[in-house]
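Two complexes follow with chain A in common, the first pairing it with chain B and the second with chain C.
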Partner chain A sequence: MTQPHARATTVSAIALALAGALVLSSCSTPGAAEQPGLTDTSVKIGTHQPLTGPAAASYAPISAATAAYFDYVNDQGGINGRTIDYIVKDDGYNPATTQTVVRELVLDDDVFAILGGLGTPTHSSVLDFLNDNDVPDLFASSGSAAWNQPEKYPNTFGFQTDYVTEGMVLGQHISDEFGGKTVCLLGQDDEFGTDVQSGLEKILGADGLAEVQTYSVSNQDVSAQIVAMQAAGCEVNVLATITGFTALAIGTAAQLSYFPQWVSSSSGADYGPLAGYLGDAAPLLLEGFISDNYLPDASESDNKWIELFQDINDKYNKGAPFNGSVVYGMAMGYLFAEALLHAGKQPTRESLITAVQSGELKGSGLVPLAFSKTDHNGYVGAGITVVHDGVQASTGERWVRDGDKVVAYDKPPVELLSGGVPSN
Partner chain B sequence: MTGTRDVSTASAAPAPVRPRRPHWLLTPSSWTPLQRWGVTALGLVLALGATFLLDPYRNYLLAVGTAYLCAIAGLSLLVGRTGQLSLGHAAFMAAGAYAFAFTSNALADESVPSLVHLYAPFLVAIVVAAALGAVVGIAGARLHGPYLAGLTLALVLALPALTSLMSDVFGGDAGLYVSVERRPEWLSQLIADEQWQAWVGLGAAALVLGVLAQLVRSPYAIRMQAVRDDESAARLSGIDPRATRVTMFGISAATAGLGGGVLAYVTQAASPGAYSLSFSLFLLVAVVIGGVGTLAGAVWGAVVLVLVPELTSSITEALPLPAELSQRLDGNLAIVVFGVILVVVMLVAPRGINGAVGSLVGRLRRRRP
Partner chain C sequence: MSTVLLLLGAGLARGAVFALFALALVLIWRATRIANFAQGAMAVTAAYVAYLVLIGTGSFPLAVVVVLLAGAGIGVGVERGLMRYLPTASPLNAIIVAIGVVMVLTGLLGILFGADYKPISVPFSREPITVGSLAIVSPYTLFVFVVIAVVVAGIGLLFTRTSLGLAMRASAFDEEVARLNGVRVVRMRTLGWMLSSAVGGLAVLLAVPTELGLNPHSGDLLFVNAFTVAIIGGLDSPVGAVVAGLGVGVLLTIVTTLWGATVGPIAILLLLVLVLLLRPQGLFSLRKARLA
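Right, the complex of A and B next:
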């Protein structure tokens, strides 16, 4: 041995690989249980959420709210006598991490289903894996059209109104209220942006948008885009942006003394976090801010759902700031509880899917759900909300999609029954 | 000049002579290359067999670990043997992953034989990463220490900017979906998808370890060491330091590219978020923890890199912590633990885990002759 550094070679390397394998194998092997994650008294479900990273500030409260709602349900005896065990894994909004944590949930924690996996890039990366393993993939949290592919992904379902429909609803409102004005779009440089754009163009016409700008989440500066929109003479600016970038766009424009009419997709329009980003100037900057929403607004204190969610938030969520994310998380939990109830006394993964497709789920939204065998979209339309004096409230105007146009929807919203715990 | 540096220079290289009986764990340097390949193949067969002991999730972790191992092994030799510090090896992995993604997606649309669809993307990943490595290596051969580190750092920092600038090609932050060749039909009854992924990863890792094991026993290793220790002396001995550095940089980029290809194959995705600066630094930390410049050390490094996040997440779940706190710890505790391990290893075993194990074995042997 004349080379002290060259001691390690193949044999020892492979021996170590085997040692590593043995360390790994000492952990348990999942049993061949009939229904993973299901016992007579509990059902285990999991989700991947951005608890850290760039999207955490806006979206981390969602899973906390869902957990609080499940605590409330469990205290009432659960669904069909089963308590809901909800495991939240942090993926930092990074698809690479999502891959690992979802495999951990499915292969190691043996969850019965995945609920509300958040984000288009993150959740897209696990669709194939979940499908291969026949895991019910309920109510993915983004408006991507990818969740609605019943042929390719029979187990995957959306939750919120898809981005194309959101674009159409916003487009309809703009064409009704701001006819003749110059309409522009600032969109995220992915499906979110392009889908909202295609929705807007369905209503406003192919040349309905005077200027389309895009931004990337990894670059925290949108001044170039805002200047371009100002130069193009944009009067009504639609935002297909996540919350942080909605605030950034409005704030950047204000610094340039540019005050167009802002119209935002629901994903980036939650008043609470926006006001947090914009600080003291928020009520002034957000006055007249228009957005769409398919769930009741957090500030509508006379709505029965909001009353209940606020109550649960105080008791089970340590009184966290009550905003759109909390409503979203609890509405998500309620919808799952409904699906679990309809899946029967001895639910299986198949019966859960059948229950969602049955069309019996009502949800807690302003508009109906689309779920059927051939349609895996969530909510089918949206209402319009406007900020006035620092309160974001529904105008009562609601639209649902019908092919390539939207039609007004005037049936009453879903009623709150049996204390917000679904029962037969 | 190139003709003169061969066995004669190898034997003339000044190496500190420390008499030591070769341990059974270490292949004797008198082995022929063929014998070394034989041992590599044997080890691969054993490792493939060992995957039957693992459940699907552990097989998935093993597959990810082998991808890390490919990159760590190349980086370890680069840092340890030629003394070139690269902070940007994740960028070479990303190059491999994207090359794999483009090739595999293109082949998925054509009706090519499944073996071609399985192997060709890996080959392209290696070639592309090696080419990028050679280009960076040529620029980097003029640089030393922190300056080279700075260059490679810029590379990994530029990655997300590049992918979002050309988001129609690279898919922006979301990255690319990779359509891969799955396990053969006749195997699908026998093994789970994750076990097959582990097999593919182990094959790649065996290839990397096998090639690098040949490399460290070849005269070339002496040249690398000579360049690292004293450039002027190496030059006087007829060794071209630039060519040596560029070659090693290319080789180590190629192994990182193969690792990126494996990761793209296993996760079916190539995204900038997977190859961040922090991941790049983790690779280097793994090299140091395992033992710089050794292949066994690279294996230790890969094991640590895979197991630490696993263990910390099971610890945070096992401890009776409030849900909020344990969720906060979930993603962050691993980073702290890595730091602590790095500090402890540096204090207790400056030559890494591999060095510590080696000296422990040596001590035991001396006690019981």
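Right, the complex of A and C next:
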């Protein structure tokens, strides 16, 4: 009579033992809760980037450079013994596609974190999803102020200097060097343009800009805007433009024999691609071209970081054209490697966020990073660069933001240590 | 004054390119009653062929000739290889296949040439031509006008003064009657594709030097603008395409100057809505609109 009962007990005991064994075998690090995308030997992260479509021309090289940097790190044994498995998904710079591919990364590929999701409209569309799912959303690639909302989006962090700060740095330089001249702005007809404008006006005053013109990326003819700036007597023209439109503005003005002082936000100021667009006339048209940058310039070949990045680019990136996008992508990779190192030997998503907020990350830039519990901005200021004889180089002048003003920054830039692979 | 003239010149130059591309759409519509959604991608492919020639030889006039030949070749390829096998029951068939052609061509160009912009420089001075102290128009703009005028005049002559043009018009007008009268309708259709595709390629090649450079997507916006132009002018009216093209180019420049770049495309769409409400067959169309 008791036999069926005894058999049932035996069966359930075996089942329990099997289940226990299963749990143990799947839990390779006893004690720590299992982390998505993380094993003892690797960590899987993902990103969304425009690899096809109209935005690919400017931005596709960035993730290729990040991947090359990670290949380099992996060949040196990875970070804390883990190699970095970097999945790049193409969103064609279309927010609807961004949502699809980021869901795939998080739900199907089980990534540990998202790194450097590119673009303001694209990445804005996945902020809620990533934060609802507690996925670390590190170093979003654009200067939008949206990344810095620690209360609302505790998992999201910026990377590059935000556009308002860039406007303030450029405004300060203009006010120091070109006082009394007529200053004007050509800006993209979105947050990029308006943020740079608000930064400039913080420094130059509400009436500091004599003329503000906008362009739309869907229209590659800026002659109307340039003619208006010429008519307004603009002498110093600030550009809040993406690289192609920087070239269009300068080229169009030259066709009208109009040669003002150009001052550009870092987003559209990369010498290599600019020279590509402008062709043979580039050295002449770009001489004296001023911009800001928070990373070392690609053409500064005596900078240690640039030397290393160029080396990695040759060995791991098939010698792709070495420009600001490559430096950006590798600096992004380095900063993630640093964050992963500081997240500890058994990192969790929480410890990664804590590491970024700890203030211990140094990055590879000319100015410090802002990261703290209450500030999720990336680089906190910028240096001034000038083109001279076809070389775009830092003048050494650097500014960091302090509330509604900028103050000079004179600490030495971050030194390159241990071959560019962060280690304790 | 100089400013106004320069802007007018820029507007007309841009409008001329719209007109040329709209003309390509009109040509194919007249010949086959197909709204060719692949026109942009086909034209860009032809422009890439011309780009290779330009790099190899450095001769822009030669590139212009090559783009016409390559365009015609691509037109034959798409028509003979694909379009003629489609059932004509629904106009959607042609549209969907054309969108497929766009994806294949854009993808192939991306694989072969990469996504970056290939600047095309032209052998013209960058300085505007001045009369007295007035800057009027840049030499390249002038060149674009001349080329487009020649092409439009040539097409006009072809259709109104030659027996080939008559045969093409006949087969477009009534296929069956034309066939009964000995017109080789199928061949006329192929010719329509050749002509249209060549003209479209030329439009892209002329537009690229004023833009960032050649890219697999160089034809996208041009196609959208020119399609709007063709509808405004009347899809079966070459004259309509030219006049509406120039008008839209000038409108775009004026609106951009007065109200900013964001408003430009909106103004064009508003104009399109107005035309569709008031004269749905297009401004210059001779036929009644097909309402069903």
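As a convention for this text, the second predicted complex is superposed on the first by the 391 of 424 C-alpha atoms of A that agree within 3 Å, B and C clash if a C-alpha of one lies under 4 Å from a C-alpha of the other, contacts with A are read in each partner's own complex, and residues count from 1 in each chain.
Going forward, contacts are C-beta pairs under 8 Å (C-beta built on N, C-alpha and C of every residue); 3 or more make two chains touch, one makes a residue touch a chain.
Since the structure is predicted, the reported quantities are computational estimates derived from the model, not experimental observations.
With both structures placed on the common chain, the touch criterion links A:52 to chain B and to chain C. When the two complexes are overlaid on their common chain A, residue A:228 makes contact with chain C while staying clear of chain B. Using the contact criterion defined above for the overlaid structures, shared-chain residue A:189 touches chain B and also reaches chain C. In the overlay built on the shared chain, the residue A:100 is in contact with chain B alone; chain C does not reach it. In the superposition on chain A, contact is made by A:216 with both chain B and chain C.
Taking chain A as the reference chain, the count of touched residues is higher for B when chain B and chain C are set side by side.
Judged by the touch definition given at the top, the superposed model places A:125 against chain B, while chain C stays out of reach. In the superposition on chain A, A:146 contacts neither chain B nor chain C. Within chain A, the residues touching chain B in one complex and chain C in the other are 51-53, 189, 216, 218-219. Chain A meets chain C in the complex at residues 51-54, 56-57, 60, 189, 213-216, 218-225, 227-228, 230-231, 244, 247-248, 254-257, 276-281. Per the touch definition, chain A reaches chain B in the complex via residues 1-18, 20-25, 27-30, 51-53, 64, 67, 88-90, 92-97, 99-100, 103-104, 107-108, 120-121, 124-125, 128-129, 132, 189-191, 216-219.
If you check the complex, the residues on chain B that touch chain A are 15-18, 20, 22, 25-27, 29, 36, 39-40, 42-44, 46-47, 50-51, 53-58, 60-62, 64-65, 69, 80-81, 160-161, 164, 167, 172-175, 177, 193-194, 202, 205-206, 209-210, 213, 216-217, 221-222, 225, 267-269, 271-274, 276, 291, 293-300, 302-303, 307, 313, 323-324, 327-328, 330-332, 354, 358.
The residues of chain C lying in touch with chain A in their complex are 3, 6-7, 10, 14, 107, 110, 115-117, 119, 121, 126-128, 135, 138, 210-213, 215, 217, 220-221, 252-253, 256-257, 260-262, 264-265.
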